[in-house]
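In the two assemblies presented below, chain A is common to both, partnered first by chain B and then by chain C.
== the complex of A and B ==
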């Protein structure tokens, strides 16, 4: 008996960074830069007696997506929570800078990160800042930067900041986008403010459905590699301009959002104000039913994210 | 961190022509295995970096069992270990050898 598995039907959440890349881009088109055999590993982790990874937790390279050239970076959320260290960040920054001369159809960033690696915090924080600068430069040069978020580590800390600078974001239900994570908020403000063990609360507040409904993400897709591929192809074609008018529109939209929802005590109140008929039903909605709900919320899709 | 290196001679070269493969992730209870076809076909080397010291005998036994089964001649195998159990190590080594069986 021969078992045939379609890489596209694989769960994005469960897949490794390498499996995601392999299934996302055109078959056998991925060419890795600084691959594991080059052993570009963290110079800092041995000081802490911690194991290293041959790729420092990020896979970068070039590939074809739907026949067009793209640059791809994929974080491995299971290695140190996908956190940014010196080499990890350097690989991402280098890839984004290479986009200026390589002129790909897009740069795809497969986020799966808790933020900065505490053992190399200064280098990690610098990498976050350099990445945001590099994304701004790439977008100024007319290259869309698309973020794909649906991994087990979510997209937190500096990763959440970087996501905010991308042209477009696709998210699955499992994906979470925020800066301070649930445990961080609880540690600083107490469990009465935010109970990190309340999984439903975490997903309501930071999860893919909430981000899509409020327009924080531009596409919502099923938890499969094929769905993320489809979303990426679609989003490249709809990337907004990156100019002063767009930035001012984004600022105005954020200010309006605070004014409109600032007194809400729970995400369900926000969804109700957005016009969702039965907000309590949103978390358990199927992907198809949720897509219909999103289509009925006019504010969910907006160039100025 | 503890570093261990084992060298074995093999009776035949590893199947396939793929020059390199990687399997697994460095995470708690898991490991990554990097396989490179860079050695003479009658020998193999397995180099391990592990966060959990003091298990050299177990590693030696697991590696010897793998070499006897897979005959990975010509392969340099490098491991970053996050505290995997012996059965997980055996599984990853077998998965890695299988990946190398492909043609380049």
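== the complex of A and C ==
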């Protein structure tokens, strides 16, 4: 087994939630709230004969990032697909509410979720609504909420809606953001509509490169903890306000996107219209080449989120 | 109740609310003051165009600065499930609609949700669940996922889930369970005029998000409030 000496060089995709947090923030600065020792476990999963986790699949706490205080939440995609259950959601809601009095430099949400945990569906769905309201409160109070997306489970369902509520988003190639996942679309509408086994189609339609090129994310990272750290530090300083002017700009931005690309069947057609020279080359592009491509696309960067 | 019946009961003296492609927009007058209406009717799925049409209507209201309430009337399907919607960033469009409602409420337009039919998943979160207070009419059927689909995903027999649903509101579809979790604040009386009941909702808006407290009191979400409170307490200490 390879010994990783620099936690920053670790793959974000492969890392656990705790490893991501440890490498993301300043060394040894993380202090967990309601940690595993407190055994806050789902009261509902035993009814389904399912195993529980001491942290219910989410790690929350405070830390320093580049010397400044931040609050951090990290979902663990390897437990129940990082899905929102009652305790999982309650921890995130509590952290965001705490931001109003703690006034950190930012709240960081490390998404890794398939959406609502079906065994606790009503609690998960309501917690997502509470989370979005708490994010609006934090942003209104001038606290940036930064989403980081590059985990195994992606950012699906209500997770995608929460991501769209954040001030800024960083994504890696592996990061997928969408509401209906490929399997959900296929189950409901058939494989002709979406073949969930076509991995290339999944990446093109909801993966990090497509989201970054179309302005659905604000930074594109290599798949390392260090790259996400650098992006988080940079994005905090560029967080848009939460006000009427911002939402009017977002309205115009999204309407323009639907009007301009509404007849496109595939992401490659959208990338071509955005002025990307060789759209078919985008999926295989190196991170450096992709960064250059993004820089040439004006729609990719904006303050309308 | 149908949307037409609801609107005549909220606005006995008439209104200018219209429905196009399942999207509801317009306004009426309550106590001589405007009451704006947006919504989804006819079990319509909410896609990128629908979400942006509704958010545009909300932002139009905010721009007037009239500080009049907004009624969000919902009988929708879930989010529209398609490759095209996801390609165009449905998550951003639905979040944008929710943000528009959350901003409107902050800028003095009280938002009142009214679920009178179905709603599910992303469409529910972006509309009814993004309001300050959510009321329901008897017969409404909010859900996250229907039980046969839950059975498929959880690999549990449907009969077992149906049996569990009787005693466990946390996962089962339906209005009673959404009331128990605190997501729905109150069920209105369909036998009484709705204008008075909407007036009462506006007069007694909760100042903060009380949904987890309601869920604890009603037993549908026994621990969420306490968990959020413990996290906040630890964040204050040390």
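Everything below uses one rule, namely that the second predicted complex is superposed on the first by the 300 of 305 C-alpha atoms of A that agree within 3 Å, B and C clash if a C-alpha of one lies under 4 Å from a C-alpha of the other, contacts with A are read in each partner's own complex, and residues count from 1 in each chain.
In this text, a contact is a pair of C-beta atoms (placed from the backbone, for glycine too) under 8 Å apart; a residue touches a chain by one contact, two chains touch by 3 or more.
Predicted model only: the values in this text are computed from it and were never measured.
By the touch criterion defined above, A:109 reaches neither chain B nor chain C.
Of the two partner chains, chain B is the only one touched by A:78; chain C is not. For chain A, the partner with contacts to more residues, out of chain B and chain C, is C.
When the two complexes are overlaid on their common chain A, residue A:37 makes contact with chain B while staying clear of chain C. Residue ranges of chain C in contact with chain A, taken from their complex: 48-49, 52, 55-56, 59, 62-63, 79, 81-96, 98-100, 102-103, 106-107, 121-122, 124-126, 129-130, 143-145, 149-150, 152-154, 156, 164, 168-173, 177-178, 180-183, 209, 211-212, 215, 220-232, 234-236, 238.
Listing the residues of chain B that touch chain A in their complex gives 1, 20, 22, 25-27, 30, 32, 34, 36, 49-51, 78, 80-82. By the touch criterion given at the top, residues 16, 18, 35-37, 46, 49-54, 76, 78-79 of chain A touch chain B in their complex. Listed in rising order, the residues of chain A touching chain C in the complex are 31, 33-34, 40, 43-44, 47-48, 60, 62, 71, 86-87, 89-91, 93-95, 97-98, 101-102, 116, 118-130, 132-134, 136, 140, 157-158, 160-165, 177-180, 184-185, 187-189, 193-194, 205-206, 210-211, 214, 216, 242-244, 247-248, 250-251, 254-255, 257-258, 261-262, 264-267, 270.
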